[in-house]
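In order of appearance the chains are A, B, C and D, and numbering begins at 1 in each one.
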Amino acid sequence: MRKPTNKTGRRRVLKGAGLAGLAGLAGCVGTGDPAQSDGGGTSESGGDSSGGSTSTTSGPAMAQSAEVWGWDVAAKSLDLIDEPYEEEHGGDITITQIGRADMKDKFKSTLLSGSGAPGAAMMESVDAASWVDTGGLRDISDWLAEAGIKDEFVSGKWGPLEKDGGTYALPWDIGPVGTFYRRDVMAEHDIDPTSVETWDQYIEEGKKLPDGQYLLNLPSNDYDGLWRMMFRQLGGQPFTSNGAVNINSDKSLQVARILKRLRDSGVANDLASWSSAWFTAFGEGTTASLTAGAWIEGTLKAELGDTAGKWGAIKPPAIESGGSRATNWGGSNVTIAKQVDDQTARRAWDYMAYTLGSKEHQLTMYEEYGIFPALESAYESDAFDQGSEFLDGQEAGRMFAEVAPEIAPYRYTVDTPEVTKAINTHFRDMMTGNKTPKEAIDAAAKQVADRTGRDLA
Amino acid sequence: MAAPTSNEPLSDPTVRDRARFFRQALSRRLPGLGESGVGYVFLLPTFLLFTLFLGFPILYTFYLSFFRFEGVSDETLLWIDLPGFEFQLTRIAELEFVGLQNYTAMFTDTLFLQASFNTLFILLVQVPLMVGLALLFAVALNASFVKFRGVFRTVLALPVSANLVAYSTVFLLLMQESGLVNYLLTSVGLPAIPWLSSSFWSRMTIVGAVTWRWTGYNMIILLAGLQNIPQQLYEAAEIDGASRIEKFRYVTVPQLRPVLLFVFVTSTIGTFKLFSEPVIINSGGAPLDSTITIVQYIYQTAFIDFRLGYASALTYVLIFVVSLLSAAQLRIGGSADA
Amino acid sequence: MREETRREAVWQFLTYAFVLLGAVVTMVPLYWIAVASTLKESEFLSSTSPRLLPGDSFLANFESLQARQNVQFVGHPGEMTQYIDLGPFYFAYDFWHLWDMGAMESSIFVAVVYTALSLLLCSMAGFAFAKYEFRFKKPIFYAILATLILPIQLLVIPLFLLMSQLGLTNNYWAIILPWAANPLGIFLMRQNMRSIPDALLESARMDGATEFQLYYKIALPTMKSSLAALAIILFLFQWNLFLFPLVILDQGKYTIPVAINQLVGAQRVYYDQIMVAAALSVIPVFLLFLFLQKQFVSGILAGAVKE
Amino acid sequence: MSGITLQTVRKEFETGDEHVVAVDDVDLEIRDGEFLVLVGPSGCGKTTTLRCIAGLEDVTDGTIAFGDDDVTDLRARERDVAMVFQNYALYPHMNVRENIGMGLKLSSSMTSAEIDAKVQDVAELLGIEDLLGQKPKELSGGQQQRVALGRAIVRDPAAFLMDEPLSNLDAKLRAQMRTELQTLQHDLDVTTVYVTHDQTEAMAMGDRIAIMNGGELQQVGTAEEVYRSPVNEFVADFIGSPSINTFDATVEGATLHGPGGFEYTLSDPSPVEGRDRVRVGIRPEDMTLVDDGVAIDTTVLEPMGNENFLYATMGDQELTLRVVPSARPSPGDTVEFAFDEDALYLFDANSGAALKTKTDAGAPLVEEPEEPEVAE
């Protein structure tokens, strides 16, 4: 039941004092695009175009200022490029650092209520599909085409950012996965990770560790993370191209079996991810390795500084012999809300393109905070050839740069959170032996299908 | 007549007097309101704030509960076109009318049922536990022989001053596998408890946290109620040969019934509204969904799944259920000893 | 008689033991917050032997909290940007710039304003419900009471929408006004005000008081302890608001819960800073509570739960 | 100062589904400076009438005038009356000085200094000048009573309205305050309407007494008038302590036949002419014990010292007699009593309207210049 649009002339806005506020909920009717009305802007969206714009591209005039939201290290990274940008392009970019969960809540509130959004905001690839689906993000495909930088990014990154021919965010970083291990612990127990090719081999090697020491951590609150990483490594897709649920595919079953084997073999610890116990175990070497996105190096360095030099990294083991060893974990983008007025959006885009679309700036952020660029052209830089002190001089950067372009695309959708829940719930049953791997993935797939109204593949 | 009869002023009016005279003159000129008029005037500010800030969200939520949210939009949302009254609200969301589907869907929504179960579980354990403890503390502190009653009262009520987010985080730390609580348990020879990682114990952790925080507060309310019980009733019971327990059973509890009821109803409502505690404590690695509460689930439905319509319907069901429950509590509690 | 005294002694001992145990259990988390705030993170998180005695890292922790970029927990002297100098008359009129408010000051400021405003509104509404007859009194009262059930987390989106239309985003009024007419407050005031004798009000009417004077000259002063009790409840309510302030307030205006939540990073939780913040945030409410405790006990239900 | 006139004042209440007529078309004229007592059983409408005069209740119908001024539509604070409440209604948060001065502060155009002086005067008048700094809860009942009075006096109102002001005092203090109030009212000479349910108090204090029942005004008159010449059985029964003895009697010519073989032949049968039945009333104090009167059976004897109350039955009719202290029949004893026909009351058996009241030579009836105001 669609309500008629505002074209129907007989309906007018009642200009009563009390109702005026309500009537103006998303801009006055008749003035057209709400983004240009008072309702849509932010405090920053002054619409003031008098700023010394030195933009090289055409289009609407740029607002003087724009605000960009990000969290933690990411926000700090963006801040690095703030000054060079302002020197070169003028304008006034404010980077606002907000806690990750908080930023998401805030940004989503602005999306859903159609007002209050900043010029641009960070968006994780995992969230991208559902955020795009709200219709609250701005299609930047024209600007992207104009800038001609689309092909410079790793292709696997674009999937969740696109919908119906529109593009809604600019990729920033990716998380090519590596297996980080404690060199000293492995050496002590005669394990050579560099010789490991598959997970099965890795498990066998892990059995050499004594009781109380684990090869890796398999946290019961984060099965989906490992599952997704491995599934993607196999080229698996959670949904088929026509939207059917596909998490009970053979590839998914393969992954489930490996996870089950990891648990049953006794080589896996079970500590909640990111808990202090989790960190401590890596610090003490009771958990000897960690498979995660390249960005974990920066975190480990910050948290466990006194273990510097004791770490090494390999490409993640393959699921099967000769299989791919490239996959991804994590990664962000920068997006602009639709409600942001054109001038401010233009300013925000200008900054985004300047920061994320340039090798130089991406490398600055990589070197300072380990943000691994999604900008493929950056990989040529010898910054990736520098040995990492934390990894005992290993040139892991090059390894990841090799992995990055090989990462298979992955179909994130609005129902990704459902997949997460289903996998965690049923894999827990699988781990306790209540379900076989096959039963677990079937149950998970059925749950997702039931709750999203999708078909099973 | 002894009062001064002279009309001459004894003194010059002071500034305050002048102000008073001005107020009097003003109030004399104002038209009188009927009794009902006065009532409305006193209610006016409340009424305005309610209509503006809660009326709109409540109605909007109700409206949304019959739709499926399809995305953000800027088309017309709602229009009223009566003779002499035209009003149009611009659509902020792309909505598809689904009738009562949102309301029927929840019966087969396993996660909703899980959340309801969790909330009820917490409710059934936490409210009686907390009210029971609060009552025992109140009775103990009402006993005349207890010294330093003020100190005990303050100490017991102190947790209420802890900030919600802060204390939830602190509980998260205390209850960790290797946290202080397990340290204390193991150091006296008891087994460590998986406070955060088992479904049962993670719910109990939430129960514990909420109980810790609110027992003292409720104790104070009950204590105030106890102090209103006439001492003669206890003396009469004493003469009738009632034991301590009997006095508690036949004097304290019936006399305290209205206060207990108040505490029960407000605690029940409070438990239904649990949000921050489970969100924060759940992040400690509890099995997924094992501590999710109804409000938390509705929040996720709206904010993570963007199913605004469904979330709105859930909200209304929650409100309906809590209203029923409160009314039932009031009826049960009130009728037994009217 | 002998038997009686012995039983009495046992009873007294049990009562003391129970209360003492309760007090100790209650104090453990609070004590631990206080102790942890003076320790290094590694000291209080150590799994082998948690430290239970205060250390000397409080200032270091506090400094690291204050040094955070995205959170200003406690404010500092600001710059007075605007003032008028007329010889002996020296006016600063950009008052809030005397002190840059951190989360502590913001929370206190907001909670105080909210409490004052809400006390006014609740007592007025409670007075109307308790002492006047008017049409639709019962339906209105129950409608207000019903909103007690409403979890405000679920109104975030429409409220946000409304606030941005009213131009109140990033404005403290946005977290004060929506619940200034607090349903629990109205209920308590109504119940308490029913205990004011009608004769007292009529007497004042005979004395020439206007209806509004009845309210503020008679009803309010006789309700002092109830107002004090309600003040605590209202203050706590505002003090703990989390989700809506998070969404509606921007950095620099954060209240304590929002600020503390900022210390939970994407990858790391800054427990040492959280402990300092938690310890500090207890203080204002603790003082308020200590200050008003007597009135709280006597005022919470002077007539609150009759009927 | 002025008199107060009530014309067909009517007050109806809606309480839930119930419709109550609390005051039923009362006409009443209170003279300037008069002490009028409104008396009646609880629920008779006396307090409502007082509250209508005060302006605390809106009348449903009728008018109220102070002197020549119609005040029906004026609010309480505009009527220039002062009221003393049963529970005194002292402001608990103010001290005595503030309590007394409150009315002046709210509605007079006196300066603070004038108010203080006046409060001081009134306090001295009432002998409570030492209490001015104290809060009500620090005062005894009698002191609170005085403060409440002071609060009324200080305003020089056109009328004092008092709602059972003495009922919260103990018996001794009540008697003392009764006299004091009368003296004070006499000295101040302010029209006073005083509500009580205690007929003794009414008789003792009122210049005139207005008796109400069921919302209707029964009779207005001096204590003696209402005692000696009640307009109906209700007034006769209400006034006097112990209450009048009344019983049914059948009429045969001039002879009355009552319960338990009661028989009396009227020397003047005119009041019962043409009637079959009648209600007979004899006041306890008019019955004397004799040897050849009506026989009754003693049930209880209450010695009061100066007199004895004798409770007895005449057939199934219970009677009360006030007898000399020397008469001491034991329970179960049969005694006999007699009375004067002059002291006999006769009432209509159906309507209760008086047919005959006391005709003996008591104190002379006060001849009033105006017609007595008697409502049906």
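The rule we apply is simple: contacts are C-beta pairs under 8 Å (C-beta built on N, C-alpha and C of every residue); 3 or more make two chains touch, one makes a residue touch a chain.
Remember, it's a predicted structure, so these values are computed and weren't measured experimentally.
Just to note, of B-C and A-C, the chains joined by more C-beta pairs in contact are B-C.
Centroid to centroid, with C-alpha atoms defining each point, subunit B and subunit C lie 14 Å apart. Subunit A and subunit B, compared by their mean Cα positions, are separated by 38 Å.
Per-chain Cα centroids separate subunit C from subunit D by 56 Å.
The multi-chain contact residues of subunit A, meaning those touching 2 or more other chains, are 22, 24-25, 105, 109, 112-114, 276-277. Chain contacts: subunit C has residues 45, 47, 157-158, 161, 210, 243, 261, 264, 269, 271 touching two or more partner chains. Contact with two or more other chains is made by residues 56, 92, 177-178, 302, 308 of subunit B.
Chain pairs that touch, as defined above: A-B, A-C, B-C, B-D, C-D.
Looking at the complex, you find that subunit B touches subunit A at residues 56, 70-79, 81, 85-94, 96-97, 109-111, 176-178, 196-197, 284-289, 302-306, 308.
Interface residues of subunit B, counted against subunit C in their complex, comprise 27, 33, 35-43, 45-47, 49-50, 52-54, 56-58, 60-61, 92, 133, 136-137, 140-141, 143, 145-146, 150, 152-167, 169-171, 173-174, 177-180, 183, 212, 215-216, 220-221, 223-225, 227-228, 244, 258-259, 261-262, 266, 269, 272-273, 275-276, 295, 298-299, 302, 308, 311, 315, 318-319, 322-323, 326. By the touch criterion stated above, subunit D contacts subunit B in their complex at residues 75, 105-107, 109-114, 117-118, 121-122, 124-125, 153-154, 156, 187-189. If you check the complex, the residues on subunit A that touch subunit C are 21-22, 24-25, 39, 43, 71-73, 75-76, 96-102, 105-106, 109-110, 112-116, 274, 276-277, 280, 299, 302-303.
The touching residues of subunit A, when paired with subunit B in their complex, are 1, 3-6, 10-14, 19, 22-27, 29, 33-34, 105, 108-109, 111-114, 130, 133-136, 219-221, 271-273, 275-277, 338-339, 414, 417-418, 421, 424-425, 428, 447, 451.
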